[in-house]
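Got some structures for you, see below.
Note that subunit A is present in both complexes that follow, paired respectively with subunit B and with subunit C.
Our next item is the complex of A and B:
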């Protein structure tokens, strides 16, 4: 079932939770709502579920207006961060709840409910848990039961509010891959809220980035990472750091780096750089600096570099283990850095967060862009 | 009691092996010892005295004073009042705790303060409020007399005063509990297709049942034991508007102390049963221990 919202506004007192939000989720997609806390993502999810009413705007489920439809009739499954299992019921009764509250003429016979629950327990790989209480299960198991309970009523839309937020990293990764497989197998439409960009990029077909109650960008995981629509998205998704840049006569100068030719208006800019878009060498042109920290993180190596004339935190560079092993930089080494790619944002007033960037790609490192 | 004191000494001896622990152990047994002495002196001793006095003239006299028609009438009235007051405060307590814990609305903190008011007001003042309202010279007195509706010096007045005094017990117990439980389970139930009524009976009520029972227990104990407020509004008509605590006072003032203590012993038994019930509930639902027990007149 497709979801569409149009022109949603929602305030809580003075706080604006959603401001003119339009969003469409095609049937069968798994979409992530991503943003920092307080960005309105949970409010949006709750409005779609019918747990919250918008101040203005419309919600459509499968093309039909649903704004005034009570939550009971929306056919949505809702999964909470803290599972919200009925603590006084067994796992069986939890899963069967949505079926047993139906009116007598719609209610399946007891034998059918039993077999449905058994099927769902098999689906979430917790066959033996029917008689247990929620308090006897681990966090990951509880969340799987919550999911089975939501699926029991065959919802057309599954809404998940930070479903893995309360779990350990390991369980979290396992469970989100499992959710993806489940989604692929059952083809429901799902929308899930997260503040973890890794999770959004890994699981979703499409990512919606929210900030201050507005949608900043909507795109595939690759698009939002490679072509962020704004400085906010750039900084929020993946690591990034800023360098001051100046453009005069179509040439952009960043610190000690050789200037590159990028047509555009003169002025002050901010160059936003991802740590893996940086090259490091011992000699040659580039911005001089000193390695102050080296951390080997499995296949990745992070170098912290104090750049000449740049205060603040050290500049972060990520190298592949392979690249690192060729030079084996150590703390104290003198190095030169170059940029492989950066995005330019005009350094204007408060609106700078929303301006689209100019992407500058210097193939093959600084040498190629040098003139 | 001596056995308990001895136990704490035993622990001190066991802890002597290491100096710092021994020092701590000594401090602990002093604290525990003084608490036990204090409780024994001010709680346990009076309790024992009540029963001692009650049986001072023998078992036959004890049961005779309980079987006295006036005493029976007082018991009946006390039970009647509790049977009316507890359900009233039960419904109000659940409704108000639900509203406060699960919804945001204007004036919520004012409502919470208002619920606590009966604990802040001396019960005698609470009784006087009803005299001012319903008394012969009170605001509603003349109208009530015209329509022949008895409130003051009759059962309705006793019920009203008791409702006032015992109002916070159930709702305070439930507000803390429901706030800690949040709204997620109810919202899940709704999203699974349950009606509001089904959600209440199948999700909310089972989740608060132990807290509710706890509140009912305390509310009942207070409703049966209330003296001050009831004393002001009852009029002390023997066999008609005398509750058990009032009956005890009357008997005592008439130097009939054995009978007074006999009736009082019933109230003491009630208190004992309340305590046992509380302990049982504590064991049953440990999460209740977090909520503090409101004391009357604080």
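Our next item is the complex of A and C:
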């Protein structure tokens, strides 16, 4: 177990940043800490690095207790959102810094430092940049130098704090795929913080979702998307929308949709639906509505539908381009929608409620549940 | 037709207009305010022949006073660079009760009439004064010695270093220091290799300002200096003495030497500062 924290608590004045957090990151994994701003993810990362001290709880690195170990001795590589490069040094000196500050007897000879820096520059694909200064590099290049600098000291774990957060969309996509390839090649253990779910789902082996200083869910990207453990995770990861639902005698009714049988206690519920788990047809059973907006976004088509008897924002449906081309819906068209899948939460649940939902999958569309 | 014709591109458009006007204004202003009075000193000095000029300057009393003025100013500016950096560090990095009061106190030497400072320092450091009384048994005499001059110059020069370094310190990115720590740097290494290089340009500016101010300082020094020729007589005082003896040309001759030496030193410091700033990388995009 490369990184382990147990029972971490941290508060800043009245604000609770972390509340009893336990987390393990196995050696060689790339794990994402995902959550909205203020959820405690950066605090957790900084406590692991030793840049912040926990109020209580333990940190273990490579199985050894590290809670009281100063930053300098933790052997962690840390990459900051805003690079934190040394502006007055060349790229070479930046990367070599961690080696040149070592005590004389631990310091590699100059020739060895030179070849190590050259290797790292090749690794981050910036061979010609050794004599440049950080101010002469683009944001993406700077972050790659920051990564090379962190890797130079051969850290036991690599911690990245929103590493691509300050970059343009295109550069950040490129860079995160590159990070994934680099990770596959070198197999360092890394933990990275992000508020971008796309980034977490695309890059990480495993995703840890945090909210209000607590871990909501830990799982593979597919698990946290397909089987969210709580209402919060459901709404935070991927798009979702809510429909009121009522259960009477083991049957769930949602608006004009045909009721389906789902055993459980009677009461009011909230059905949470992903936009791509919705079917649209011109006729047949289902909830009547009118298309009010159509947007073609590359391979996806988004339909906005005003459902009868449902106020508020239009209901969002995502179709594949293929499905859309068969039945070119246009604004103003009368349509019927059905659900392919929804998750039921008790109506009263909120962010602090961490009960898992009841997942309802209707294989053949809404008709499957009809009687 | 004319609607489709592209307008001719004006040469080198600047975002803000009026470059020619402001440059002219700046040159005129600097000339009137700085160059003209200084030029007068040169013209007045020219009344002396070259040999007379050399005779005035080479007089042991004049040489000793010039040496004292520049030497004491350099030592005081050096002391202020170290002490001022510490004060700026504490003010920028820590929050403590009365921090704002201390922050305001730093500016006081700017505002205080220099004579008041001189009298107060003399009263403190005189052999019977509050501090002088304790130093005298140790064989340290401050008042009426070159040491007293240095003390006065340190007093008036402190704000220059603090006020130039403090904003740069407050601006420093804490993450850069944290990055150095994660790479294994000790606090001393972080200070010497990361913080100090970033502070260099500001520190040099503060040094130059404190130094320049100390060279020309008169009011606070003459009370504490004792003004003994060859020992504790500063060049500005000697100029005043010459003026009182109606030796105008001799007075301006000393002034001219001070001007030229100061100008060369400040030019050198400025060049050094420009060089270190270029090393820092001008673009500060994050």
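As a convention for this text, the second predicted complex is superposed on the first by the 365 of 371 C-alpha atoms of A that agree within 3 Å, B and C clash if a C-alpha of one lies under 4 Å from a C-alpha of the other, contacts with A are read in each partner's own complex, and residues count from 1 in each chain.
Here is the rule we go by: contacts are C-beta pairs under 8 Å (C-beta built on N, C-alpha and C of every residue); 3 or more make two chains touch, one makes a residue touch a chain.
If you're wondering where the values come from, they're calculated on a predicted model, not measured in any experiment.
Applying the stated contact rule after C-alpha superposition, one finds that A:49 touches each of subunit B and subunit C. By the touch criterion defined above, A:166 reaches subunit C but does not reach subunit B. Of the two partner chains, neither subunit B nor subunit C is touched by A:116. In the superposition on chain A, A:101 makes contact with both subunit B and subunit C.
Of the two partner chains placed by superposition, subunit B and subunit C are both touched by A:149.
Contacts of A:135 after superposition on the shared chain: subunit C is touched, whereas subunit B is not.
Once chain A of one complex is fitted onto chain A of the other, the partner contacts of A:247 are absent, as it touches neither subunit B nor subunit C. With both structures placed on the common chain, the touch criterion links A:76 to subunit B and to subunit C. Overlap of the subunit B and subunit C interfaces on subunit A: residues 49-51, 71-74, 76-78, 80, 82, 84-88, 97-98, 101-102, 146, 149-150, 152-153. Within the complex, the subunit A residues that touch subunit B are 49-51, 70-74, 76-78, 80, 82, 84-89, 97-98, 101-102, 146, 149-150, 152-153. Against subunit A, in their complex, subunit B makes its touches with residues 184-185, 187-195, 198, 202-203, 206-207.
Interface residues of subunit C, counted against subunit A in their complex, comprise 173, 175-176, 178-186, 189, 193-194, 197-198, 279-286. Across the interface of their complex, subunit C is touched by residues 49-51, 71-74, 76-78, 80, 82-88, 97-98, 101-102, 133-136, 146, 149-150, 152-153, 166 of subunit A.
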